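Structures are listed in the sections that come next.
Look for chain A in each of the two complexes below; its partner is chain B in the first and chain C in the second.
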Partner chain A sequence: MHWQARLTKYWAYLSMGLVTAIILFLFGYVFYRGADTISWEFLTQAPSGAVLGEEGGIWPAIVGSICFTATAIVLGSIPAIATALYMVFYCKNRRIKGLIRMVVQCISGIPSIVLGLFAYSFLVRDLAWGRCILSSGVALAIMILPFIEVRAEKTFHELPPQMVQSSYALGCSRWYTVWNIILPACKGELVSGIILGGCYAMGATAPMIFTGAVAYASVPKSLMEPAMALPMHLYLLLAQGTTSMDTAYGTAFVMMALILLSNLLATIYARRSQKKWKVS
Partner chain B sequence: MESIMTLDRVGASYDGKPALEDISMEIFPHSITAIIGPSGCGKSTLLRCMNGLLKEESGAAVSGNILLKGQDIVKMEPEEVRRRVGLVFQTPSPFPFSIYKNMTYALRYYGVKDKKELDRQVKEKLQMAGLYDEVAQELDKSAHKLSGGQQQRLCIARALTVEPEILLLDEPCSALDVKSSSVIEKMLTQLKEKYTIVIVTHNIAQARRISDHVAFLFGGKLIEFAPAKQIFSQPKEEETKAFLEGIYG
Partner chain C sequence: MRRWKNRIFSLLVYGLTAMTVLVLAFVIYFIVKEALPTFQEVSVTDFLFGQRWMPIAYTGEVSFGIFNFIMATLYVSFLALAMAILVGIGAAIFLSCVASERMRGILYPFVDLLAGIPSVIYGFIGLVILVKYFIRAGIPTGSCVLAAGILLAIMLLPFLVSSCSETMLKVKEEYLPCAEAMGISRWYAIATIILPASWKNIMMSMILAIGRAMGETMAVMMVIGNANLFPHLLGKSESIASVIALEMGTAVVGSTHYHALYAAGMVLMILLFAINLIITILREKLIG
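Our next item is the complex of A and B:
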């Protein structure tokens, strides 16, 4: 073999090994350090004690995180998928397409703390929504919108064009085709993109620091209440220094487990529905 | 004989690059018109003009007039044009549903909900496409489990469910083996009793076997349009002659 080819091969192997090792080590370390803290109480009780996280658990933060994520998913994925549909099946003007693509790229380039600032000044203060799940949800939704849009657009592009055109050729409207062919055929990929977007939102702290996540709250009852969130909780525990390191690792454990599980579910779901819809 | 569709100086372009120029021809009812010509001569583009599907593609533009029973298709609703002028693609493209659901897809769109009527239509159209006997027991089977030839006949049957006046076929047999092709050819000659058929093919022998009229396209231009007998026995143009003799293709 040519030495360049050999070098490339070793380089690829080395990089693959390195990446895998880093990921395994990172997850292993967090799970190892956090495992001792994990108990039924830790998962199901509210934090208590003189210093935050000294005693008790993280239940409100788990529920809070799920609420933030769900709000972001609902608010973010609907416009994201609609945009992708428009880009692929409706818009024929290349300039408009280019403009939309640029806007989407710009959104994905906004630093998340700036989204937090925007949501704080516009939603929390100007619109007087106050610090609540909805305010943070909007900021997170804007953050994950490009993420979902790009994946949805790619999925729509990969659909065999003849399948869509066959529907048009029967005289069926675009709307009917979207609902009966395009969305069902892309369901797996879309759901997996949405879940991955959700994971991204679940791990983000900056957009919710000033807009809805708080140091302590009970389990939220409506979207107009502030709530605890896992990444925010982790941040606060770390900020307190060594006293709450164990709970910090426990929190990280739970957060990573949730994200890992969601990723796994997304992959399995996408693969299963792909098999069902496989086009010969 | 009065034509069902008239093409009057039809032209088409992609991104300003002309693909078809000045095509004028007529499609006669209850006949098979074959469009032949070498690859890239604009056969498929012409077919897509006829049902307005070309306009869906970005960068494509169509000029000239296409009249369906005297009515300009540009002035009609695009869905209406496509319902009346069906199109079957080169590669079989069944929807990833069961056979039954493929057949009822468009009927449901047009508001047919009655189960008995749906069943009747499915049976009738599958019979027309010569597929019913092969799949009668397994209408719930995924359409993708059928063989290539069966899939293509399903697509033709599906196109018939909306009762088109003209059925356009874009090289329907090019992805199929000889036996499947001959089944489809036989079916098409039966279908012309009820429908009007326009078929794009680069298989000269196939055009000779089934067509009543032939249009020969070359370099985006219509070189010759004549009854099949005449074009195969005494082509008028040199290019036609050369193509039929297999000099290029």
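Our next item is the complex of A and C:
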């Protein structure tokens, strides 16, 4: 075999092996080290101990994280999908399209910490919402909006054009086509995009530091309260030094398990609903 | 009735889109607005090229220079990209040219798992593993630019792998059957036809990945050591994003310190915007 060919072959196999090893190691390590900490008490109790988080569980952080994520998904995904629909099926003007694309790209380029800064100055301070789930939720929503929009736009573009054209040719209105043809056909991809966006929001710490995540809070009762969040909790545990290592591993375990589960769900869902129109 | 539904739905789509764009534009406007007062106190060149960052007058004068932070951000990002591209392209070759359709169906979501892992967890694992190794290797406290680069490289992998293998797959389907029909061996064709043909697109995904790397906050902040020094491979440093995250909590609202942090954020934003612009221009020039 020619040396170039051999080199490329080794390169490909080695790299894929390395990537696989890294992934297995990351998950394996966290699951292995965290497994001892995980218990029913850990999952359902509030943190306690002389140094907060040293003992007790992470229940308020789990609930808090779910609240943050849900707020971000609701606020982020609907405008994102609407914008994607507009970009693909409604907008005829190339200049407007270019403008929207530029703004979206610009936002997707903004580092999450700067979005946190914005939410802090504008929502927490100027609008006086205070540090609460809603403030963080808006920051997270702005963060995941481009992510979902780009994915949705790509899905709409990949739709076979005959499908849409046939619908128009039969005299269906644009509303009817979008609602009964386009959205159902893309449902799998859209939902999986939203789930992955949710994962992204759940794991983000930077936008929450100043805007709504706190070191200790009980389970939130409304969106206008601050709450605990898993990534923030993990960060604070690490900042405290070595005393809370066990609970840190436990928290990481829970986050990794949630990520793994939602990724799995997203993949399976996307695949099952995709088959319907790929048959022909 | 149907016409009304159509009209309402269109209005909804238009309205939501307009709202989205306005909100996003407002975010950009707000950041710029909060950043600009900095330059009444500090000149732009002092801000960009000054090496001293002394937001509070403890000893000596206050001074705001983010040169080291900018360099650290760029240094870490390019370091990470160099490592990630080496592994990323290899894995992309495997996925596009070796794996069967079924295998790809499993491996793509598998590699995407890396993108789902929160950056705090990367930072956490970096702290408990990488930093420990660096201490053992003789670096005091173990935090260094290289550790951050390695973590960041792992975080970039999924983006590089998925975008590179996507283009390679297209190129492969176009050229490989012809190459094989001419009797060229599979791996030789991959090395000499498919790789060079995908090069332009690989470049694009590299630039995109650089943008992603520069904005990363938590993982880098946790292992880079956070000291205002010019970046060296095994020395401590501090990136723009981590300055903002670390100091925003203590900056007095309305002070120059506060505005300077916004200005640092704006510099980061402008860097990323420039990168996006380059991509758009390159895409038109190279691919058309």
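Going forward, the second predicted complex is superposed on the first by the 276 of 280 C-alpha atoms of A that agree within 3 Å, B and C clash if a C-alpha of one lies under 4 Å from a C-alpha of the other, contacts with A are read in each partner's own complex, and residues count from 1 in each chain.
By definition in this document, a contact is a pair of C-beta atoms (placed from the backbone, for glycine too) under 8 Å apart; a residue touches a chain by one contact, two chains touch by 3 or more.
Owing to the predicted nature of the structure, the values given are computational and were not obtained by experimental measurement.
Q: Check the residue A:160 against both partner chains and state whether it touches chain B (first), chain C (second), both, or neither.
A: In the superposition, A:160 touches chain B alone.
Q: Taking the superposition on A as described, I'd like to know which of chain B and chain C A:94 touches: first, second, both or neither.
A: Touch partner of A:94: chain B, not chain C.
Q: Quick check for you: in the superposed arrangement, does A:16 touch first (chain B), second (chain C), both or neither?
A: The second partner, chain C, only.
Q: Identify which of chain B and chain C touches the larger number of residues of chain A.
A: If we count touched residues of chain A for both partners, the winner is C.
Q: Which holds for A:185: it touches chain B only (first), chain C only (second), both, or neither?
A: Only chain B is touched by A:185; chain C is not.
Q: Check whether A:130 is in contact with chain B, with chain C, with both or with neither, and answer first, second, both or neither.
A: neither
Q: In the superposed arrangement, which partner chain does A:173 touch: chain B (first), chain C (second), both, or neither?
A: both
Q: Determine, under the contact definition given at the top, whether A:56 touches first (chain B), second (chain C), both, or neither.
A: In the superposed model, A:56 contacts neither chain B nor chain C.
Q: Show me the chain A residues, by the header's touch rule, that chain B contacts in one structure and chain C contacts in the other.
A: Dual-contact residues (chain A): 173, 176.
Q: Flag every residue of chain A that touches chain B in the complex, lowest number first.
A: 92, 94, 160, 162-163, 165-173, 176, 180-181, 185, 276-280
Q: Quick one: in the complex, what on chain B touches chain A?
A: Per the stated touch rule, the residues are 51, 53, 56, 58-59, 79-84, 86-89, 91, 93, 95-96, 105-106, 109, 144, 151, 155, 158-159, 161-162.
Q: Enumerate the contact residues on chain C facing chain A in the complex.
A: Answer in residue numbers: 2-3, 5-6, 8-10, 12-14, 16-17, 19-21, 23-25, 27-28, 30-31, 34, 86-91, 93-95, 97-98, 105, 107, 109-121, 123-125, 127-129, 154, 157, 161, 185, 187-188, 190-192, 195, 211, 214-218, 222, 241, 244-245, 248-249, 253, 261-262, 265, 268-269, 272-273, 275-276.
Q: Given the complex with chain C, which residues does chain A contribute to the contact?
A: 1-2, 4-9, 11-16, 18-20, 22-23, 26-27, 29-30, 78-80, 82-83, 85-87, 90, 99-100, 102-107, 109-118, 120-122, 125, 142, 145, 173-176, 178-179, 196, 199-200, 202-206, 209-210, 231, 234-235, 238, 245, 248, 252, 255-256, 259-260, 262-264, 267, 271
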